[in-house]
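So, here come the structures, one by one.
Consider the two complexes below, in which chain A is the common component and chain B and chain C are the respective partners.
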Partner chain A sequence: MTERLDGPQAPLEDDTSGGSASGPDETPRKQRLIGPSPTVALVFLLPAAVLLGIWVVYPIVYSIFRSLFDAAGSGFVGLGNYMTIFTDPSMLTTIRNNLIWVVVAPIIVTTLGLIFAVLTERIKWATAFKLIVFMPMAVSLMAAGVIFRLVYDEDPDKGVANAVLTTIHDTFSSSQGYPEARPREGDQSAVAADKGAVVTKQPVQVGQPVLIPIVGIKPQIMPSDAQPAKAAPPGNDLSGTVWFDFTAGGGGKNGAVDASEKGLPGMTVEAVKDGTVAGTATTADDGTFRFDGLPAGSYVVRLPQSNFQAAYHGLTWLGPTLITPAIIGAFIWVWAGFAMVLIAAGLAAIPRDSLEAARIDGATEWQVFRRITVPLLSPVLLVVFVTMIINTLKVFDLVFIIAPPSVQPQSNVVALEMWRVSFGGGNNQGLGSALAIFLLILVLPFMIMNIRRFRREDT
Partner chain B sequence: MQKARAAAVLAGLAVAVAACGNAPTTTQPAASGSASATTAGKTLQGVKLEVAAKWTGEEQKNFEQVLKAFSDKTGATVTYASTGEDTGAYLGPRIQGGSPPDVAILPQPGLVQQYAKQNALKPLTDEVTKEIDTNYTPYWKELGSADGKSYGVLIKAAHKSLIWYRSQAFDDAGVQAPTNWDELVKASQTIADSGTAPFSFCGASGWTLTDLFENVYLSTAGPENYDKLSKHEIPWTDPSVATALEKIAQIAGKKEFVLDGSSGALQTDFPTCVTKVFGQKKAAMVIEADFVATQATQDGAKVGEEAKYFPFPKAGDTAPVVLGGDVAVAMKDSPGAMALLQFLASKEGGEIWAKLPGYLSPNKNVSPDNYPDPLTKALGQTIISAGDAVRYDMSDLAPSAFGGTDGKGEWKVLQDFLRTPTDVKGAQSKLEDEAKKAWK
Partner chain C sequence: MTTATAAAPAEVHAGAPRRTVITRIVDRLGGGAVQVALVLLGLFWLVPTLGLMVVSLRSVKVNSAEGWWTIFTKPAELTIENYRNLLASGFTSSFWNTVFITVPTTILVIGIAAMAAYAFAWMDFPGRDLGFLIVVGLLIVPIQIALIPVASFYGGVGIFGTIPGVVLFHVAFGLPFAIFLLRNFFVGIPASLLEAARMDGASEVKIFVRVVFPLGKPAIASLGIFQFLWVWNDMLIALVFANPENQPMTKALQSQMRQFGSNVDILSSGAFLSLIIPLVLFFAFQRYFVQGMMAGSVK
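== the complex of A and B ==
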């Protein structure tokens, strides 16, 4: 934009200073004679030039100047702030994240927009469909952030993403028995946890009842049919008791079956000899179990892991690993509709005859799409793509709102870091200015590309 | 345009004249009765003041009542501006732009030092300093000072050495409120065995983790080391820090101790973790300050019956009392600003505020009898009786890049530590790195 302003201004000054123009100036001069006089042009340009100067040129120049100073603004540090950007590990994470954004988000948005646009051409309810896909554009990014913060909530009762995942998961395998329960541990305890299962520490002799104390059972998963636990009577079989070794209100003896403690019904128990399962039993309502017809000898009694299968809680969307993809997902939700509308407009302008000619020549639909539609659409695709790159470079609000504070460092992007460093607690406006300039330099090539493109279209 | 300017000049003159005219009347009573300088009627008639603080909702309403009492007394018009969560981010640009509010309530004394360095604060007048001397212990006066000059008054305190618990969970497990760290760990094990997660951590709110660390550190390392670490005079790689982190790992390191596991806890922000204890009844304890009471009440728990607290147990030799609080400073040279600071520092102003819920006063002359409920009364009593042994929240004394910014400094490292509580050494060296950056 500034280029355009400067363009006409420079010759204007020339004109006022030296009256007699030289040869090369001849042609533009003739053109100008048709339009208004230079002074009138200057007067009309002045307000815009002043406003741009105040709000665009001066801030940029001042930011460059400020970026060479320290936090207080008094000590000159040269390029020190820029050095910090490229050496500080948290800044490097920030730059890495921006790179992921720039590479991934624009491609997905443009591709999705293209797919939607091409598909909507062929369906009956195109307008309704387009309206729905475009709808997120009507929501501010901030509100979209709040929505997606909820969507990605870890609790499947709140977050839609995890609700879907857990529902799918539970149709195939659901939680069983006593999730998150564990054996009572300690030196006195006869049992220990072993790779998710519970085993007796010592092999047990047949005829000697085993006690397997379990703790940490949540009130809501305690079966209603559980009876007070009983120690299995000694007999000729391998027998024992699995029970919840905790007296409500305290006072029970650890590792002993107390009066009010309940057995754990439905628990699968295995007798293991030399690594192979010799027998399987299930506990009764009072927690007792008995292996029938087991040959005499010593066995390790094991409660296999299947008893303690924890419920599937879905993914930790807002954790350090998935946070950036999750936020990019929200970004796509917002911008895909915008891309679709632009591309659909371009699609409508494509000459139909070339498509039909290709079809008559025997091209398949894919070939038509690949060889005719996409090349003809490429100017529009490029505009969408470049706009998205600029949008991703300056992404701020989505990251700020969706990422919980504990993963902000892992999801940080340059624009957010710039704000945080200069105002949001860092109070280092020198470093903040340096980041702003860095961002400007990143955006500049794409801006120039867009401006050139518009110019070419003008002429 | 000309007219408007003339009017502005006239108005300015009028204010100046009014200020001059009032000068004798304000100084006279100050000389005779130091406690209440503004007794001589509505001395600030027509003066407009802007006060900026981070309070919203109920807290804002209560504070506005105090401001109204000041207006009624002096005739000044006081407007309240909310700074939002991040006071620094709000005030920074306004200071840069040359139009700060008359009075700002800073949530961290660290900001007092920072703004004093930028020459953004006005030193307190003698009347206000006198008021502070009569009503506060020297430790609090020092907190509001920078380079030997007094700039701020601590007007509101928060008691951060508490652990809140759901009494039903303790009854079910048959445990009593612990009095030392080992008892706390043992009680936690028993509660976990009973099938309830003992702790609901507010990992997404970094300041709750620094509060936990400060209590354990003050208790294990003692007040002298606490003061040194606050000023970064000893490094974070000091063995005393390791001791404190290991103690924290004892309660944060066991899977069954932490509600929803460490990744769930790290996504839980402050009021939500309270709801998980008192609203959803999923956990037994939440380690945070007196203001938990507000959220617990909203979650339907009756404070004192369902929701109880015990003092933070001794993890070493010292019984920790860590306070947080808000410091009021003047950012413009105006008689109104100083009068308001004096009012807020006075016994009179403190007692008006104390009668409203959700307020604790660090003013030693504000009698605990003013508080509306027995719980606050007891808390107020502990602050007054602890006297000089009390310490201020360490992270709030640090530069805000270290102790008060999401995703940076101590907040970030302690969150990472909650994720992997085994890595004490790594956490220490990262803390030291961050501290070096912030203190340079």
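== the complex of A and C ==
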């Protein structure tokens, strides 16, 4: 904490001026001392000037010219390449995606950074939290891409995003789905299909076990924890068995629970009286169910339609619809720490007495936050926000790595398209140059903003 | 720049708890709720990386059968098999390529930028202010602008695909930020010190090496760590300018992405190996890293 970039003069003077012979008559910073000749300055500047000239400045000029020529570089096309950018349907998708990025990501990152900075102000383990959130800044976007390809894996048994979603979903609704399953129907059978549900044809009496034979279950849907089906023992409750009435390799009696046949766990069973649901039960691993404490009488037993819908497997994160939001999620994961640390530093620099004064004047805490804290933070918030806009305009690696090849057209952004058309198989360096210039024009306002702000602050 | 001048101690550390408006709001919301929320958010940030680590330490077969979180109930499944396969597949050479690209770039950027920054800060020459404004302007030039021109230029001089070509590109695009950062630090060096040295007849080179460089150490450390991580983690420049025998880890891994499913073993272990060194550096020098980020947040 001793070395600070924010105010280097003070500590450096403390370290050195004591032993210096020059005494108290300091030269003001703006007044230049007897310096070396401009030739010496040129020598010191030369390596940087050459590198910046050849690798940065000359390419800007070259790209402007190159963007006016066709793929081969021999035919002059004027603004044709720029026309392509704004008319080609896939290019328009690309620009639309960039627009989504610029509108959504900087706001979320800045807001999240503000929330994190505020929340951690008083927490004892704030350092640990900040280190964890800040850590992705050190990781390559390539590695972050691999990390999120794993997170977004569609299989809830592999991807943690869908694992969390399915867990939450299953906590609130029945876990097992048996799509395409249907009752074994026929004269012998006691049950029939009814508007997607399965119901007993006749009302059943309490104490009389119900048999609900089900067929049409694909082997891969059969839950691994299914046990051999058992007929429910007769008792004083309404009970029964839902099972897969199919004996592999043939044999077995239709509508009867045979030795090798399995119960269907996780089925929701309803007891219906006069059109209203009087009780709900769920089948056990052996397919048996039991309604506890149902009043005596006769009920229709129903397996509601929800049992026959496919089980919830989360979202297709890496599909064409969700791919851009998914990648923005990864971007937020990478950059929230940056926003948090910058805003936290700004928060620490707010003078306490102006807050106290407002509070003494009777302002509520929320008013103090809205009217004083946020306005005082606004320069920092602006820096974070603008940095994020520039970053979203340039976003490349995350899209390139996270989007699978088949959905890259739907997730494309300008920086990636520039690489694709020039080097990634497109081989059209005229269009590539136009895209590069387009990108430069997009960041140009911020470049001017930086220069202006620097001139204002440095004089 | 705003933050660089306005910000108090640039630290990830929270420092001593302070009573502010906001902390009072937090108190009213209930410290407990905030703690729980932060634990959940912390998990949100930690879990993805943890997942990569566990996946990289489990066999292909286990990974395709079950989620990495089952590790908490079956810790015996950990294996370094993936890493052994990765090293056998020639990944070591791309690791060394990353090193051979990153280390020279970092040294060159520091040296060249420090010279220019010293000139901008303490020498008088015509066009100095304009020159520095150009540097500020170049801070956010997108790399894409130079890919095509430099590729054709490299083709002409015969360094396309080589490590020096990649290094020079990195150096050039690292310079604006580096000059900006160091110049702003160097102007803070007390004039009396330089004046005394010049009165004593010390050459500019000697002043640069003996006075400016040692006094600039904190800023140079920030720049060094920042530059190192930036080059180490780059993929785009490598993608265009490094041919397969000179490719760094990021490009080597990228070439495996097409068959993500069947290459999870190589990709997870390779990605984890590539982020270990940045992570160690980050934890060791996070103070400098944060300082560099603050000072350069216009980028």
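We adopt the following convention: the second predicted complex is superposed on the first by the 281 of 459 C-alpha atoms of A that agree within 3 Å, B and C clash if a C-alpha of one lies under 4 Å from a C-alpha of the other, contacts with A are read in each partner's own complex, and residues count from 1 in each chain.
The rule we apply is simple: contacts are C-beta pairs under 8 Å (C-beta built on N, C-alpha and C of every residue); 3 or more make two chains touch, one makes a residue touch a chain.
Because the structure is predicted, anything quoted here is derived from the model rather than measured.
Applying the stated contact rule after C-alpha superposition, one finds that A:360 touches neither chain B nor chain C. With both structures placed on the common chain, the touch criterion links A:406 to chain B but leaves chain C unconnected.
Looking at the shared chain after the overlay, A:316 reaches chain B, while chain C stays out of its contact range. When both complexes are overlaid on chain A, the residue A:259 reaches neither chain B nor chain C. In the superposition on chain A, the chain among chain B and chain C reaching more residues of chain A is C.
When the two complexes are overlaid on their common chain A, residue A:441 makes contact with neither chain B nor chain C. In the overlay built on the shared chain, the residue A:296 is in contact with neither chain B nor chain C. By the touch criterion defined above, A:423 reaches both chain B and chain C.
For the contact definition in use here, the residues of chain A common to its chain B contact set and its chain C contact set are 404-405, 422-423. Remark: chain A residues 72, 90, 153-154, 180, 182, 184, 215-219, 222, 245-251, 316, 318-320, 404-409, 412, 420, 422-428 touch chain B in the complex. Partner chain A is touched in their complex by these residues of chain B: 86, 88-89, 92-93, 114, 117-118, 171-175, 190, 192-196, 203-206, 256, 260, 263-264, 266-267, 269, 400-401, 404-408, 411-412, 415, 419.
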